[in-house]
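Next up: the structures, one after another.
What follows is chain A paired twice: with chain B in the first complex and chain C in the second.
For the complex of A and B:
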């Protein structure tokens, strides 16, 4: 009903290759974009600056990780380190007087270069071995940052990030910072959407499915793995830089520690490997759910009048949160994105359930 | 369907956070790490603060205004700490305490921009005692730098007034918390002519074997240890194994009765600790709390925590914070503003936090209040003070502070 396919005819190639052939999808995207653009008008600043903004940036980061994990099928346990490289590069560049627009590109390039140099060594191995060597990237970065005062900013290991300036104008309002994050997230999303139908995207999928089979049909798997590492590191680096510029305003090593890498990985896995909408859901789930659970449980305790110790109150949400992750993955191992797709598939043929694929 | 439940949860959260109406109470936000890295200290501190607030409220609160505490978990994650800050800030809370170095660092730029009060005792950046630069940050009490300098002062006293030829090993967990005192120790080593050896060991601190063989080879006269709780227990085991006397060991203040129990009260005899607060439940304030609350079954947690030194630490920090707020109401009147609370805290004079700390005098320049520490020794049954409350090498500590805070001030002007 909603996703009506009747009457859609692909009369030429461009129509056939449209990103969203079904009008309902286009409508939904359009409405969501409008809602996103108008968010500063109807949403209070708390939700805008503390939930929506980090969610958008982390979605962009998760999409970058999804590129390497979901598309190219390569494990990456050091993604936070890559984002950290970008963040530090951008902060140092802006402190040195380089305009922020250029600094974030520099951040992306630095992350990309270091990420792919590491990939050179790491890509000689596969699977779990690769996972471990990327974990090494994380630890090497942690160590370097905390032991080189020139990078970390001295004993305090905190570098204040200068306010971001776009075309010479300082962006400090909540709405302004939100739009910066929104633009970046939309950019990455459209890149990923289009990646699916490019030669690069198809080559990556071929490598993911079986790298020597890909080699047989003429896809240089090492080259494409390297490209995947470089591209995803670029996205990660810029996302890290934007995270610092718009949200943290100061960069410290623990913002990009190994825990954060695991969280990023969880975003992609809970969201769904290779799923774009899944990255949105995954980032929301991993990033916002602990806080939501926290408020939900403290609300429930006051509502139903049972008193809990502060420690129980702190641990209970974690337990629920963990149970939720397991629950979702049991119901649908392919992640939240797949759950969305199941619903959509159901609605595609509704009310004619018997035509189910 | 599950998506619906997420949305329902989100919706509930939305309704939950309706800003409170103009409130009569004085509100303090304790965004603590109650579930991850700082759990060795946060429960005791939170319990102490709640007990003390109850005690004061029973007596009429702060100049007639009751104290309201908001305790929330941030799991030591900067992002959730910021969320806690941003939410409570909009609900009209003006005093925040994160009790976590990473989270304090993460909210600091926002605190400085918004002009709210950040209580940052014992954690976060030490150079924040420079009130000229960090106008809104109050790390009341001694900094790690001051404490390290006092350890050296104690060693100097013990070595007959001179440190020439004395060998000191600085044994620390290799991340920013442990690395912090290195600068001041190096400065003092150069000035006083003692031999300083740095012995780092890696996170999470369970494997110290190589560090202790290194110490055995160096054979230092003293070991200054920057470690957290259970790491001290592991250190004591390694000391035993390497035949190093535990009497040489001077721990940072993060070592409590639980750790002593784990080391073994007899084995720990002679162990030294730098402390910020007077420990033990024989303190008048603790006695009063036990009488007024725990004996009547109204305590906010397990009674045995009142024995813990971290309990007294919580009492000390919040004696200061509440007193500052009280002075703010008394001098500035109701309603409170961050400016008034700042002025209140800065007017603390010779305040000893109900006898728990050495008297401090906070000024607009010195937000630490000249926090002092003392060295205590475990005699097998209790802690015995080895020194008075001291603040050694203040000039050197302040020159490090100034140097670092100038760096911060410079980065602010670059904005």
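For the complex of A and C:
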């Protein structure tokens, strides 16, 4: 139907290896990009800056985590700490007068260096122990950020982030900030899309599947794990810096606590391990869920005439979110991305379902 | 810092550490039987404390009856968690299993807050506040009571693992395929270990809430529990006991020395440092088996 596969014959290798071999996909991406570019025109600024903008940045962040979790298969419980390092580095750099364009690269490099120094130590062990040591990293980072006044600006402090300046011009309008986020998200997405076709991406997948087997075919698993940690920390650090620059406008230690790490993990799990479109779905799902849940509850309370205590209202979305993780792991472990793929596969050969392999 | 007050923090630290061991024992029990690292142990502890309070306050039962009822309830909850959430994940990658226990952690924590609310409530076990002196050292009675209960639990487990059911559990933890082939029901054994771990969580929850009250911070015992469990070796109950004492003493001394220097809250830092150092230097812990894969 929509994704007509019939009549598409790839005559050479490059056509077969194209990012989007099916024209329908290319059309869809094109239309989505146009819609995204035109969003400030047709969209209310409230929706633009409080839903679309954080969604794009968190998608970029989730893609970075997906690189380490879905591609390289290494558990990372301290991703928020990495984002926090990037955020603080960028804020301090811009406050010191460094142009913002350079500051976010610095943020990425700082996050990357600290993240991989840590990974260098943690990668001597794997699986559970790696998870636990990244969790410990998160606690150490939380503690360091909040207890070293030179970083956080004092206990319980909030550091104001200076306005973003691109090529010397301050970006303060909602549309401008949105375009900054959009560009970063598109950059990360195209990097991840292309990663699948590179030697690096294939090596990471080999390491994920079985590191011994990878070693046998000549893939240095330690090196590639380290590269994966460094790359994903870079993406995380820049995403953290952009999140602060365009959305929060101020940075506090609580924005990057262990709960945020788990939230990022939930985005990847709900979206689907190793799925790019899944990261978009997962980030949207996890970000929008509390709001939708709250409005649903208030609708239900007025409709059915019961009332809930204020504490119940505060904690119900969180409980639902835990249940959601459990539910996805039990029912569809590969997440929303897999559901999307199932629908797409069905449509590819519709109405001749029996031709599916 | 004089020697007496250092010894005092060390002695109280050892008692607190024994109470950490109780949380760690729950993690060890589950890890031994099914190699599942239970990151939900902290929130199981918290849930158990809320259940005890629910029985004591709403049903009006005396505290000892409430605790027994809560133990039975948590036994069933433990069985249910294993049956619903973990059994279907057997054989899946460790990422999925870890994420599942994290999901359980969030669900149980937020679920009990949803039902019972987050204000701190006291749990009174009837332990007197009168000072207890051990030679020149001032000992906290609640910690001393907790430590005694922990040692009693350890004694119970030593006995238990010599009983018939205990031998079955040991066989499963040794080699579950072999256990299967001689007709042991591995599923039932794993379920039993979850239930027992939930019971241990109840006891830990009661002891800890008599010290600090019932609220969300009980779930943060997870970090202590995990640190102690890893330090002791993830499949050794005796290791958990000794590692608890060790962590407690180090924490007690370090926090009394470091807190004035660093401006407080150095306990969590000490925990995280212990965890990282254990994993780097001796990932199988003090008494664990030597079969941890290294890269």
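Note that in this section the second predicted complex is superposed on the first by the 322 of 357 C-alpha atoms of A that agree within 3 Å, B and C clash if a C-alpha of one lies under 4 Å from a C-alpha of the other, contacts with A are read in each partner's own complex, and residues count from 1 in each chain.
By definition in this document, a contact is a pair of C-beta atoms (placed from the backbone, for glycine too) under 8 Å apart; a residue touches a chain by one contact, two chains touch by 3 or more.
The model shown is predicted, which means the values in this text are computed figures rather than measured ones.
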Partner chain(s) touched by A:51 [first = chain B, second = chain C, both, neither]: first
Touched partner set for A:290, first chain B, second chain C, both or neither: first
Contacts of A:187 with chain B and chain C, given as first, second, both or neither: neither
Partner chain in contact with A:102 - chain B first, chain C second, else both or neither: neither
Partner chain in contact with A:123 - chain B first, chain C second, else both or neither: second
Which of chain B and chain C A:133 touches, first, second, both or neither: second
Which superposed partner A:265 touches (first chain B, second chain C, both, neither): second
Partner chain(s) touched by A:340 [first = chain B, second = chain C, both, neither]: first
First, second, both or neither for A:31, with chain B first and chain C second: neither
Intersection of chain A interface sets (partners chain B, chain C): 155, 309, 311, 314-315, 318
Residues on chain A engaged by chain C in the complex (per definition of touch): 69, 73, 75, 121-129, 131-133, 135-137, 139-140, 143, 147, 155, 211, 221-222, 225, 262, 265-266, 269, 273, 309, 311-312, 314-316, 318-319, 321-326, 329-330, 333
Footprint of chain B on chain A - complex, ascending: 44-47, 49-51, 54, 95, 146, 153-163, 170, 247-250, 252-255, 281, 284-285, 287-296, 298-299, 309-311, 313-315, 317-318, 327-328, 331, 336, 339-340, 343
Chain A contact footprint on chain C (complex, rising order): 37, 85, 88-89, 92-96, 98-100, 102-111, 113-115, 117-119, 223, 226, 230, 262-263, 265, 268-269, 271-273, 275-276, 279-280, 283, 292-295
Chain A-facing residues of chain B, complex: 2-3, 6, 9-10, 12-14, 16-17, 34-35, 39, 43, 46, 71-73, 75, 77-80, 82-83, 86-87, 90, 102, 105-106, 108-110, 113, 125-127, 174-176, 179-180, 182-183, 301, 404, 407-408, 411-412, 414-415
